[in-house]
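In what follows, chain A forms one complex with chain B and a second complex with chain C.
Moving on to the complex of A and B:
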């Protein structure tokens, strides 16, 4: 491997300065590297690496009012061990527990999982139902913009980030006053170290026997992770009878657009998405 | 780039490219061949080492992240008392077959013993801890048996190694 040019800024401001010196070149933003290292031989030798993992401002978990702010370079294991996340965002813990291994969770970052923009990214479906916002820094304008996470993705492995823009913060609103049901389940080839064939994240609020509201997001069954809004709308205000559950399964099947690929088939993905919804709603009834 | 780091308690200095793998630095530059390359993609765990006291896949750690880091490999574990107990339990339970995955499994065992002191773990929790280690002789039952035995022995593993 030839010598690649490499920078490791310690602050966002240093990042901006480095970027302005090399803005004409192809840039590779590097953090935990658990994906990039696997494909390192395919990386362009002309690319300049900017390793943002040493930027202290991009690390840590802070509660600010009714929101949790997570630095984009926070590792998955730091999130898993955080009492704030355990207490306030249990759905994220459920998802991260199923991700990769201890070894990888010690390196992989939440910003990397989001920025990779994989439809199978397992932090993404919980963050989408939680109506998370993403803070993005632009070195060109030297400004920070905040967008809803669902508008970050433009296709599989594609984002709406402009050149040089980096994800700096993940902002999750808290719903501490309510008794919220949360659900995350993914189906893969095996239980350990598996990439999602299909997954479902849900949060919901019930009153008596009815569903007051439910927010659903399916993973790995559309070009981008998105809310299952027609299914949500259908379930809202209803009592979960077997008839309602069956109808909801048919609606979610029409909302997704899975493909057949190396990991699964279209038909299987439709089937397990329907079954995941049934599993989720059954858990909601038992509650 | 020149990198100064500590490996198994000894300060070393190596010349490497930013994206060179820690695994290759350990094996080719430092001759520490106890750490194995299985898949090279972070799936199998044969290359598992401790970096700053945290379990990592050395095939996924780039040289540019190593400056001032503290790396401990399987070769650096031999002199610790807990290692002898782990080695004995693996032997007694037949947990080693071809042996290629063993260095990685032992590193994860050390991490589990360190993190679970005083807790009693179920088989599911033990299996979850080994999510990142693959044994292709499929000797999992015997490995789990050895680990279960070790967990009952109240073994003291320090929070930090060589610090």
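Moving on to the complex of A and C:
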């Protein structure tokens, strides 16, 4: 009987070496492990596990020109406490505040949340509306590639990452315009320690009477988190009257494709996604 | 006796982490046990095959074929330890495996294949009821009083509806865990359990006709709520059988996933209730049909149903009553004991029936409840007079005051009419009255004949011998307070004997909120027996007097052991055929007010405030009593709002805390608890039941507040957002 193998590299280079040394390459890579540990008894006894959360180069938050660079192994609580994030990316703060518990936020990382590729991943919807880019390192080619976050996901818990590739950096463009509206709300099953039934992230710019542009992403209501582009297109340039809001609700209902599972039903997810959009647009009007 | 706020005797060991639970026991040479379970809800087992590629000499397998007395001794003896030919629920144990370690256990399981022939399964209560088979009826009860048919013919208004409550999981902190240690012809069983003598009895039946002797010891238990009342008998049998077969100690511990899927749950209910009303809001008749989903085996269903029937008329004076109750078999994990024990189901129905009456007659619900509430001296439909220890009127007075119910009722009505459209939040205030029969139902106590024992030790200490277990509820501390007050002994001089069936007498199970009231009273009697033996006046003596008298006593005697057996006062009689007489020797009462909000984007019910007043006769430990009440409220809020067990084709879908949602500290309200003490003449210092009552009244108060907020009667719990959306938006969001 084989036994479980566990590696914990301290540098990206070490990671590359460990990876190269493993023959069958059926490797589980994690950062934080707050999801993995809960299901640890389901792991195969001969699993090969690499914990990348000890790689120092993958930690930290840096402002570079008009972008914020976040190391993928930065924990959720490090993000919450960061003045840079608080000042420049408030939508991410709003999202992280709703996630898990203090203890879990101390361990869970932003890269882990993204790589887990859950449609209910709560950092993902804000990152998608922010048009975030992801830096990926490949141990096979020893190279780094950069992709838009929206192209990372290929299905629930599935990504376009190649074997051994790890997310190393999250790059968020900053908007010079200061008057950006942002909205994040998730609906779960209780007030804390809860998995999203449906969520909505939005950023928008409005002039005196009209919405100049809006970017929307819904969580937990389609196989992957994606932009609600038809709804965005419809709202763009319009004044938010009750009629417009109602029409927008019907459009977003058609853009999503939720399922019924143990947490909620398809019909309810459609209903609350419409409600979330109304809640968002109402907040936008009140502003 | 003054109000007591004693620090619990188990507090330091638990907070510091030195307390040892069953999994902390270090047992040399032990094997770990695992269970091979049915994957079918109802089927015939056609074959069991063991893969030749696996080395079976490394593990021990046990099947039903090797067993003689293959039934778990609980009421109907219908549940096998291991299924032999037929399985009746998904997860039913078929084989047991003992292995050197967990890994080998998992590996062995992978190499066993069981084939089935599917049989018709009742995977919902509705299917079972529609099949209408006599053999599916575990119990049927009819309680009738007065002229029910007449009064329904002549009543001004008849109000009726169907009320439903869901499954509930106990969610004790410590999952099920037991061990068996063979020792010659004896097997020592230890584990997390409420009732060592229930296990002892089951083991006696299991090993009847063999040389095997068993003793049972309760190890510090991390929560139970009824989940460790009947269930441990099954798994103690499993470890005992494996210990006998292997000759080695056996540990069986469920992980949370196994525990949530395959251990007992609260019985779901479907109750059709009808009220005959006069135009001024007096209830003239009640006709109720109670269905309980018992799951695959009877377990304690007959007694759960009995309590459901005897709780069904709530705290009201109802002259004409017909209560028909049935406990029905389904092919789902068996339902079992759970805090409240049938009471929460039927109390929900009667309270929400009054809600429906108020909605129909357009009379405020409190006005209806108040005008029908029992008065001192009134009789229950069983004929039992309520003429002592009736503190409900005081509870009502206190809770109306603390909550400012009537003022808020009017304010919130106005708010919902004028402001809720603007704020997107509906608000509600609800009220419930609850009764809980204290101790066992009917003749149960006379049948159990509980015995408590106390021994005077040299040095003037006492050794307390009961089988009543500490599972977090504070019974050890309560007993020390009761004894300390009587004998003037400090806590250190009062020693609680290990809950081991070879050391303590059978003082009955730790259930039915009976430990303080029944056994606590026996201990007080024991104290008096000791004082008599020492020739001390019962009231006027000091600690020094006691110590001196004890010293004197041992000059002439070897030992002093006193025993007392419980018997109901003579006038407390109950007829099990007609359900007439004293269902319980006394009742505890509560009045509850809940304030809730429903946010219309999410449809989440949030309980903002909860006020309650509990008449418990006497609070032996005041702070602990308040803690019990708060815990019961939180568990009741979970039952009312959050906790949804999802069953698909008879199989529990939930796997743990991530998908079985209980309230967190962020979800629970500000709570205001008042304790009322209307003494019970036959309880220690007047104490009666407390443990279950806080749970019973909570859900109806919350559902009443929800009904207020949405303007129609909420007829089922849990009131999840999907259910609330369905009620508000008139469209089905539940499926």
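In the analysis below, the second predicted complex is superposed on the first by the 280 of 287 C-alpha atoms of A that agree within 3 Å, B and C clash if a C-alpha of one lies under 4 Å from a C-alpha of the other, contacts with A are read in each partner's own complex, and residues count from 1 in each chain.
Rule of thumb we're sticking to: a contact is a pair of C-beta atoms (placed from the backbone, for glycine too) under 8 Å apart; a residue touches a chain by one contact, two chains touch by 3 or more.
Here the structure is a predicted model, which is why all the values come from computation and not from measurement.
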### Message
If we overlay the two complexes on their shared chain A, which of chain B and chain C does A:286 touch? Say first, second, both or neither.
### Response
neither
### Message
With both complexes overlaid on chain A, does A:83 touch chain B (first), chain C (second), both or neither?
### Response
neither
### Message
So in the superposed three-chain picture, is A:8 touching just chain B, just chain C, both, or none of them (first/second/both/neither)?
### Response
first
### Task
Would you check which partner chain A:193 touches, where first means chain B only, second means chain C only, and both and neither mean what they say?
both
### Message
Output check: A:45 vs chain B and chain C. Expected answer is one of first, second, both, neither. What do you get?
### Response
second
### Task
Please indicate which partner A:275 is in contact with in the superposed arrangement: first for chain B, second for chain C, both, or neither.
second
#### Entry: Which of chain B and chain C A:64 touches, first, second, both or neither
neither
### Query
Looking at the overlay, what does A:267 touch: chain B (first), chain C (second), both, or neither?
second
### Message
Going by the contact definition given at the top, which residues of chain A touch chain B in one complex and chain C in the other?
### Response
1, 38, 191-193
### In the complex with chain A, residue positions of chain C that touch it
103, 106-107, 255, 257, 424, 600-604, 606, 642, 646, 653-654, 656-659, 661, 663-667, 720-722, 725, 729, 731-735
### Query
Which of the residues in chain A end up touching chain C in this complex?
1, 38, 41, 45, 185, 187, 189-195, 197, 260, 262-265, 267-268, 271-272, 275-276, 278-279
## Note on the structure
Note: in the complex, chain B contacts chain A through residues 1, 17-21, 40-43, 45, 48, 51, 54-57, 59-62, 64-65, 108, 111, 127-134
### Query
What residues of chain A sit close enough to touch chain B in their complex?
1-4, 6, 8, 30, 33-34, 37-38, 40, 43, 49, 51, 53, 77, 97, 100-104, 106-107, 191-193
